[in-house]
Each structure stands twice: as C-alpha cells, then as structure tokens.
Amino acid sequence: MNTHVLANASPVLPVIHPAIEFDNVSRIFGTRSRGQVTALRDISFVIDRNEFVAFVGPSGCGKSTILRLFAGLIPPSTGMISANGAPVVKPLDKVGIVFQKPTLLPWLDIESNVVFLMRHKYGRVTEQDRRAARELLALVGLSDFARSRPSELSGGMQQRVAIARALLMDPQFLLMDEPFSALDALSREEMSYELQRIWSERPKTVLFITHSISEAVLLADRIVVMTPRPGSIAAILDVPLPRPRGAHSQENPLFSEISACIRSLIFGGANAR
Amino acid sequence: MRDRLAVDLRQYLEWLAPVLAMVTIIVLWEIICRVFVIPEFILPSPSEVVTAGLNQSASQWADNITNTLTVAVAGYLVAIVVSIPLAVALGLSPLLSRTIFPILVVIHSTPVVAIAPIIVVTMGTGALPRVFITFLISFFPIIISTVTGILETPEELLEMSRSLRAPRIREIVQIRLPSAIPYIFSALKVSVTLAVIGAVVAEFVASETGLGYAILFSTSSFNVPAAFANLAVLVVLSLILFKIVSIVQVIFFSWSLETTKKK
Amino acid sequence: ADTVRYVLDWFPSGEETYAYVALKEGFFAEEGLDVKLSVARGSVDAITRVASGTADFTGASLGTLMAVAAQSNVPVKALMSIYSKPPDAIFTVKGSGIKSIKDLIGRSLVTGTFTSSNQLWPILAKMNGVDPAKVSLVKVDPNTIAPLLAAGKFDASINWISAAAGSGAVLKKAGKELVVLPWSEFGLKGYGFSLMASDEIIKERPDVVRRFVRAFYKAVLFNLKNPDQAAKDLGSIVAGIDVASAAGDVRSTIPLIKNEVSAEYGVGTFDPALVKTTWEWIAKTRGYPLDKLDPNTVINRSFFIANHG
Amino acid sequence: MRDRLAVDLRQYLEWLAPVLAMVTIIVLWEIICRVFVIPEFILPSPSEVVTAGLNQSASQWADNITNTLTVAVAGYLVAIVVSIPLAVALGLSPLLSRTIFPILVVIHSTPVVAIAPIIVVTMGTGALPRVFITFLISFFPIIISTVTGILETPEELLEMSRSLRAPRIREIVQIRLPSAIPYIFSALKVSVTLAVIGAVVAEFVASETGLGYAILFSTSSFNVPAAFANLAVLVVLSLILFKIVSIVQVIFFSWSLETTKKK
Amino acid sequence: MNTHVLANASPVLPVIHPAIEFDNVSRIFGTRSRGQVTALRDISFVIDRNEFVAFVGPSGCGKSTILRLFAGLIPPSTGMISANGAPVVKPLDKVGIVFQKPTLLPWLDIESNVVFLMRHKYGRVTEQDRRAARELLALVGLSDFARSRPSELSGGMQQRVAIARALLMDPQFLLMDEPFSALDALSREEMSYELQRIWSERPKTVLFITHSISEAVLLADRIVVMTPRPGSIAAILDVPLPRPRGAHSQENPLFSEISACIRSLIFGGANAR
C-alpha cells in the first residue's frame, strides 16, 4: 500500500540514508484491562532529509505512538526504526519535540521554560540563547509573559510556549504532536507561516501530527494518512503545491483535490482511494 | 471597605488563634493543677514550671539550649545532606533500592538505647556520637519521602528529559528534585522535630549537658518542675525550627505551595 | 598533672558526692591528678565504659561487676569498697502497716524496670518466708516510682536507701511520711558501691591509680564527717542540685558505709568472706553455679591501704 | 530468548541482592568480631547472638514478640485512624491548622521519658499506656504528609469538584484523599517503623515483657548477646511490617505507583 | 456594540429571566510578575434558555475565564453575573462542564470516570446511570476502553471521555471549553452531530468555546466573537441557518457569509464590521 520503496535498496552508489525510516514496525501495549493491545501494526515509511511530513488520522490511531517510537522514547515491539541510517535504540540526539500536552515546568517562568531544554541538554544557557528565546516568545506573541508562571497562562498560550521551546533547539528533527490544537484560527495561520519560514530558512526534517486536513496540506511535502484498530497506514500522499505556500495556496485546485482525497480516505474508508 | 476589614480581621485571627489556643491550654492546666491539687511531682503547674525556669541560671539555660540546638541542627543537616543524594540513588536504581532499603529500615528501627554502648565506645562522649544519634533518628523520613517524590515525577516531564538525552544528573537536579519538593518538605518538617528528639535521646544516653540531660537529671532528682521548664524550652525550640523549615519553603519554593493558595 | 577520667554510675546526687568532694576539697589536686568527670546511666553502663576504655575509674556496685565478670572477661577490677551493706530497701508510707518483708504478702509493690534489686527480691522474699507470687510486683520507669507511691497507687516500692531523702520529700508534699526497710535488716548481705578501675590503667599507670584511690578514700571519709559540706561541694559544681535534699541523701548513705561490717574490717577493705557472700547472692539471683567465678579475681587489693588516709 | 533470560536473571538478582547484602554484612560483622577480638559486651558476634537467641525459650520468644507486635500494631492503627481524619480537618481549615499544628509539634517533640510519670500515673501500667505512647511517637508523619498531600491535589480536579457543588466530604474522600495516596503511603512507611520504636520505648517505660523490655533487661544485666538477639528479632519485625505496608500499597493502590513502573 | 438588549427591561409582563446574563463583568488576576492583569473588561451579554452560544476568539482573550466565571468557580472583579435571574455567587447547580484539559481521575477506569460526576454530586450511581454511561461511551467510540485507565488512552480519547462525562449529567447548562480541540476531522464532525442531536432531544443552554469558526457556525444559535488585551466582545452574531444542520448546511451561502464575517472580525480587526 505504501507509495514509497526503501531508498537504500541500491547497493552500488554511496548510500544516502533516509532521515527517518520505519520498517515493518509494530507496537503492542500491555494493559491491565484488555491484555495486549496492538497500537500500531506493520508500519513502514521513509522520510527524506529535510522533508516536511504530516500525519493525519482519527484519534487513537497511533500518531503519538509513532512520534514516541521515532524519538526513541519507547521501543518498537517488532520491526526496525532508523534515523539517518542508524537504528534508533535510545532517545535521539538533535531532536526537538512539541508534545501533545504542553508539559511546562511549573516552577520556572516562561522564559526559563523556553530556555530549559537548552539548560537541560547542554547544562548551560548562553546570553545568545536567552536572546533567541525572547525572539521566539515575541514570534508566538508572548513577549509580555516572559516572567509569568505557566499556571497564569491560558491553554493556547501554554501550547505556544511549548512550540517556542522546541524551536529554540533548532533541531535536526522537529517532531510536533498536534502543536496548534489549542490555537484559534488566527494564531494557527500565523504559526503555520512562521513554521514554514523557519523550516525554509533552516531546513530540518519535520514530523508533524495534526488533525486538521487543511493544515496538513498547507504545510507538508507528504501526508501520511492513518487508520485505526490497529493503527496502520492507509496512504501516503505527495503534496506538490509550490512553495512558499500561504492563503493563496488554498485557491490552487490541487489543494482542494488533495484535501478531498484525504477526507475520503478518512471519512469514506481507505478502499475509496 | 467592609471586605477589607473582614480580611484584616481574618489575618489578625489567623495569628491570634494559635496564641489564644496555647494560652487557653496553659491557663486550663494551671486551673486544673490548682483545683484538683495535683502534686508537682506528677504534673507541675505552669506557674511552678516558670518559677523553676527562673531558678535556673541564665548561663545554664544558654548552655543547655546551645548544646541541644547545635546537636539537633548539626544532626539534621547531616541527615539532609546524606539522605537526599542517597534517596536520589535509591530512586533511580531499583536494584540498589531493594538492597539498601532493608538496611535503612533496620537502622531506623533499632532503638538507640540498644546500641548506645557501641556508639559511645567507638565515638567517645563528645558531640560526635550525639550528632550521629540525631542523624540516625531523623534521616529516615527524608529518604522515604524523597524517594517517593522522585518516583512520582510526572511521566511527561521525564519523557521530555529523556528525549533530550540529558545526563541523568540533570534529570534529577532539574526535574525530579524540583517536582519532589512538596514531598521533601513534608519530610523535612517531620525530620526537624525528630532531630530535636534525636538530640534529646542522644543526651539521655551520652551527655552531661543540654536540655535532654537537664530533663533526665531533674527528673531523677525529683525536681519535676525544673524538668518541665527544660521540656518547655525544648518544645519551643522545636516549634521555632519547624517554623523555620516552613518559612524556607514559602520563601524559596513558593511554587510548591501554589495549589494551596490559588483562589 | 596526670589526667584521668572518672565516670559516675548515675546522675550527680547525694549518693555520688565523692568525686565532687575530692575535686572541691582539693584531694585530687593534692595528688597531682586532673580528673575529668562524666556520667553514665547505671552500673552496667559505667562498667562498660571503663571496660571499653572510655573512662579509667568508676564507682559502681560490686555485685554488678561480679555479674558482669561471670558473663564475660571484663577488664575491670574493684579497688576499694565504699558500701559494706547492700543499699536495697523497701520504701513504704507510715500507716501502711508494712513493717517487715512478711507484711508485704497480698500487698502491691512497685519497682524500677531494670534495677538489679528485682533479681534479689524473690530470694529475699523466700528467705523471709514470703511466696513472691503472693506479692504483686509492677515494674515502671524509675522516675515514676516515688510519684506512684505518693499517689497511693501502690503500698510499697523497692528502692535504694540512697534515694530515701528525695523520695521522702516527694511523699511529704503529698502529706505522707516515708518508712524505709533496708534489706540488710532482713538477711541481705554483701558489698555494694565500690571504686573500680580498668585493668589498663592498673597495668600502665599503677602510681596514678594509687594516688587516685588515696584521694577518693579521703573524700569518702570527708563525706562521713561533713555530709552538709559534701552536699555543698556537689552543689557548687553541679547546677540544679538541691543542697538540702542532697545532704539528706549523703546522710542516708552513712549507715551503708559506717556500720558493724566496717567496724570489723574498716572502711574500704574487701573482706574475702563477705566478698564470697556477695557473689553467692549474685550467683543465686542469676542462677549461676557458684564456681562460675572466683569472686576475689574481680578485686585488686594492692592499691587501697586503710590507714593512708 | 536472550532477552527473556536477561529478564529472568534480573528478577532473580532483584531478590538475591538484598539477601546477599544482608548476608555479607553479617559475615563481615562476624569476621570483624573475631579478627579484632571485640568483646561481646560491646558488640557480640552474630554467632554469639544466635546462641543467645537459641538460649531463650520458645515461649519467651512468643511472649516477647506477641507483646511488642500487638502494641506496635495497635498504636499504629490508632495513629492512622486518628491522624487521617485530623489531617483532613487541618488541610481544609487554615485557621484550625494554624491553631492545632503548634500543639501537634509540641506533642511530637516531647520526649516520652519526660512525661512518663504522668502517663503511668494516669493510665496505669497495662497495655493502654504503651499503645498510647506508640501512638504519640508514630502519628506525626501521617498528619504532616496527609495534610501536604491533601493540599497538593491538582487544582483542576478540585475545580471540577467545586463545579458540581459536591459536599466537602466527598471532595475529600473521592478526590483529595486518593490523590494524596502517594504522600500517605510515604508516611505510613515511616510511621510503621516509628510504631515499632514506639512500642519499644513504651516497654522501657512500663512493661515486663516484650522485645524492648528484653533488650534493656539483657543490657542491664550485661547479657549483650541476648539483647542483640531480641534486637535482631525486633528489626526483622520492623522489616516485615514495612513490607506489609508496601504490599498493601501495591495491591490496593497500584495506580499510585504507576509513573514508577511505566516504561 | 452588543446586538442584544437586556430582556428584562419590560417591567409589566411576568419577567422571564435569561438563562445567562453577564452585566459589565470584568475580571482582574493578580500575578507575581506583572501585577494586576485585566483578563476581561466590561463583558455584557445575555443568553436565553436553551440557546446554543459559541465563543470564538484568539488564544488568551478570556474565553475560559468567562466559562469559569459563569460556573461560579471564580468571582468577577466587578460587574454582575446571573443564571436564571439569580446572581451567581457560588458554583452553579445543574451545570456540566467540559474543561479545556480532560481532568480525568487517574485512579479510576474510564467507565468509573464517566459516572464519577454522578457519584461525586449525588453520592451514588444507579444501574441506569451506568447503562447511560456505557451508551455515551459507545457514542464517543470508546466502548472497548470502559475498563482502561486514563493513562492508557490517547489525548483525543481522553477528551472524548471528558465529553461523555459531562453529557451524562444531562445538565441544564452545558459549558464546553474547546471540547473537540484534540479530535480529528472525522470524530469532530461526528461529535458535532451527536451534540446537536442530544441538544435537540433534551434542550439545554450551551456555552460552547471553540477556535474553529466553521464549528461555531455549524453548531451555534449565536456566536460571541472576542478580542484580546483586555478580553472584550467584538461582536455577537446571529446564525439563522435552519436546523437540523449538517454537511449540507455548509453549502448554504449564509454559512460562508457568517464565517467570512467572523474571519474578518478576527483577522481584520473589529472595525471592519
């Protein structure tokens, strides 16, 4: 069903490894009430370096699990995951994650929360980091809240802090789990553009989970559409819309075409494809 | 305005109530002692206790208080300095935890009196054995609570830390310990009064000064009011140390009390 | 000056004045001794401290030393006897009708939980024709005995004579009068409180030991002659001592030191026969065979010379 | 397969390690006693302790253990039953808390020995004063931790409760107490060993049986190996009670350990 | 700026009180870093009995604060809030709330979490409640998870549990704070229809916070559009689309018209109206 074939099948040329590769990955959770639950079954896909890939699919289909698998936070039950050709056996280096929940540290103020990942990973925070943090806070519209505690922020504001925090890391892999879910239409659009700008200025491989089809089409190079029970890949779609994309992209007939296709995959069942 | 007054009154009451409660208890105690003519060698009345306290010379008071306080505080600090790193180690290694915990339980449930001879013989009769005894009596709650707190760290924060491949030590210092703060302070409060008791017990078994020695000495010479005077000072010391721990939490770790105060 | 360490076997009180008198009256200084005092919690603790080298000298019960020596090879020797009679006694209040051990039948008796008297009690009782089972005996924290007696919760208590003054004062406050029935009057014999030293100091610094014994002996004699001054000496060194009550305690110990036994053998000496009697009591109370210990091996008579005081 | 083996080995090690640690300590102890010829009245060797233990009759052992265990468990249960409701009351009323807390600190930092006369005179010398003393020694950590746990309940859960206008009692029983479970069990573990110590101290003050009495009695009659034999049993009792508390948590409140075990 | 006038202005007829009334409500938060922060200023609106009102507006404009104010969870700094004509001074009775976070109880399984509000409010749970709970779980697609613990559910699944929980109360006031934010397009649509069905079968007053403009238009009788800093009402729009609404409603020109209007209010500033 996958539209892509493993890229490293050619043995002669110097192999350029894909950034992310899932090869027949399954993940089973042991639960107390329902025994073994298969969250993901036989997931295979390949993401190239600096590609922007979106994951869409119904709630509970295993999107967050894929993110955690790739980040090396949980091991796959079977199958093989690799990053830049090396198997993922422990948490990846050079990863920035926006988790589904903001997970801010309640005892730090907002600016400290933004630089926290730096401090935590490298043990120190330079003045330059702090400046970058303040710029990112401005970018997400929270300059006034640098000294506030997370508990004083609204849900959407907390989520924006989490985004700023991950961007500050300038990671090679940016993994975002429904980063804009708590944002209003306006902030959402602004953030989408900013994310695209950052991504084009400093290319990185982005794994972007969303439940907004239009957001996926707007942002992604390719879209992985998933189905649940057990989580598996229904289709992987290319989005050949020209970049930079913006409000105007939505007028491109391709946009609505791809959107409709995803919609039919999700709403109408995978066979409709 | 009326609200303002109500708030003032309330704050006033918050300070007044405990004082009032203490005063009431003391007055009641005095009345009971007088009405039922309770002999001083069973329960001296507050006035007898005060008289006995005034009979003790200032230098003796200073001596007793300094001795007990020094040992209690020193033992307490040793307990903190030893327990928190140990708790961190135990919290992170289930194997170590399984190995060391039984030993800690054994140490904590050994009555000091039973091993006093060994302590005195190996450490002499100076301040060292007393600090050690105080440590022995007060370290346990800190370990248990810190371990619990470290293990109760929200999984999502740990996952964040793991995703950064942060060194273990930073996971502990920057994430686990801060989120264990409410646990740690709950134990620090228990331990500080245990440390005072520890200092006193240490004086019971090996010392010639301090409030604990004075209590035992006075009791053994049937001077119960003097014993109670020293007991009263001891208890006030405990209260002050307890309050200091609370204040430290309020000043340096106020966020750990946030849910409490948010309206 | 030579520095030595003396450990009291109980808190400073009228029964523990000797070291303080020797300090205050300059007996130690005269012998060129610099004496450091410490306080143990009972005879066993005191002997343990001397045995383990935490102190050089102590004053403690000879019976305890024998019991200890019978258990293990403890490097402590008794040098000089002070009490030539056992201090154990029954305390009761006037009007209780208890005038002898026999009168305790059917009455209630309270005692300290860990006093050595408890082991003597059944033997003494039987010797006086009393079935120990017919006397209810309750063990409590020693500090609570006098209050319990004063509160009338018990008819009598087991105490040491040296506690008579203090207990008497407590009873007086409750409007009661203390009656003391020393066990020595009911058949108990033996040496009590004695001066002891560690084998180590005996071996390493015999001269110091000799001087210490001499000074201590002077203090004992001083106590006998000037009980009030002895109490004052104690009070001048130890804060919180009630001098009047301590003087009473000192007086109550005089008959333990100066009596028909000391009249015969002299204060300070250990009569081998009485030493043997002391051991026989100990052996009986502990259920030891008599040959478990040669009682005279815990005694070193080479340092005390009666007339050098 | 190899993974399976590793897991088995690991589990095996988890059980083995503590046993091994204990055995090592005991063997080392024996060796030290023999090599340095440490006199038994200071530190008896394990073999001497075992011999002394075997010398004590089975009925005496049964007696001692039953007495101490009964008092410890009774005092502990009283402490739980009294402390948790009291903690709930204190957690919910800042005024009450301010008023009562100093009194609790005073009670907890009063050495039992100092008030033994009052306790014995008012309660006699039966089991009652001993249970009471055990209670006095073990209640404090439960109160402190429960209060902390109750106040640390996540604000969002409390808001949910408030939005329902649920009666206060249900907010406590259904929300605050369950979320305080990790705190409560951390205290229950501390308190259970304190209860054992409490029972022992109580036996020091007023008793003729029990392990604590046997320890002090043996010490006072210079039978140090026998004292250590009773001490060893006491300590094993403590370990068992501690383990029971842990098991109760695992069985009935396993969710409170979830973050610990999630992988 | 409000399009509605207070309903109880007529003094002669027996007064029918509005279900919800905010009269000049402001709310100030005391913060440690920034002193007094005005989250809401001079908010006035009226909601009729059984009306379905949606609140849209940028992140941090005070939507959640309005919900908490009406629920009586926090008091207003100034102004007056009333429910059925009675001032709100303590938490309201007969309210069901879906908070912005799921706030499930980690020690209960999913079914127990759904019936928990019943148990908590009334002290007991009937077999009928349990049956209703199971029906609601089926409705939100979580029948299989009745015995699972919250920690075993994905973010969207947890949110659906929170929705089921509030619906079980069958409240007179249903307050929902971005209830569908973690849901995918499909679940979202399904849930919207179910919510409409429930609301029409058992009418209730619904205060529905969302950041999806189309969702607001699809569901609401009226839409309150808010602006931030300080939070205030930009406009209140009627949505006269015929009911029942569904996918077909989106074809109604009114739908896009209202959507555009809201969009311009949010994106283009309130003056553009």
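Order as written gives the chain letters A, B, C, D and E; numbering starts at 1 within each chain.
In the analysis below, contacts are C-beta pairs under 8 Å (C-beta built on N, C-alpha and C of every residue); 3 or more make two chains touch, one makes a residue touch a chain.
Protein identities per chain, from UniProt: A, E = NitT/TauT family transport system ATP-binding protein; B, D = NitT/TauT family transport system permease protein.
Fair warning: this is a prediction, and the values are worked out from it, not measured in the lab.
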item: Intersection of contact partners for subunit B and subunit D; value: C
item: Chain pair that, of all pairs, has the most C-beta pairs in contact; value: B-D
item: Chain of greatest Cα-centre distance to subunit A; value: C
item: Chain whose average C-alpha position is farthest from subunit E's own; value: C
item: Rounded Å distance between subunit D and subunit E, as computed from the means of their C-alpha atoms; value: 50
item: Separation of subunit C from subunit D, taking each centre as the mean of its C-alpha atoms, in whole Å; value: 39
item: For subunit E, residues contacting two or more additional chains; value: 101, 149, 151
item: Junction residues of subunit B - those touching two or more other chains; value: 41-42, 117, 121, 154-155, 204, 216, 219, 262
item: Multi-chain contact sites of subunit C, meaning residues that touch two or more partners; value: 48, 52, 143, 147, 151
item: Pairwise chain contacts under the document criterion; value: A-B, A-E, B-C, B-D, C-D, D-E
item: Touching residues on subunit C, where the partner in the complex is subunit D; value: 42, 44, 47-48, 51-52, 64, 67-68, 71-74, 113-114, 116, 119, 138-141, 143-144, 147-148, 151, 153, 286
item: Residues of subunit E that touch subunit A when the two form their complex; value: 29, 31-34, 37, 56-60, 64, 100-101, 109, 144-145, 147-149, 152-157, 159-160, 178, 181-189, 211-213, 263, 266-267
item: Parts of subunit E lying in touch with subunit D, wherever the complex brings them together; value: 68, 71-73, 90-93, 95, 97, 99, 101, 103, 105-107, 116-117, 119-121, 123, 149, 151
item: Residue ranges of subunit D in contact with subunit B within the complex; value: 13-15, 17-18, 20-22, 25, 41-43, 94-95, 98-103, 105-106, 108-111, 113-115, 117-118, 121, 140-141, 144-145, 148-149, 151-155, 158, 182-183, 185-187, 189-190, 193, 196-197, 200-201, 204, 212, 215-216, 219, 224, 227-228, 231, 234-235, 238-239, 242, 257, 259-260, 262
item: Sites on subunit C touched by subunit B in the complex; value: 10-13, 37-39, 41, 45, 48-49, 52-54, 142-143, 146-147, 150-151, 166-167, 169-170, 173-174, 239-242, 245
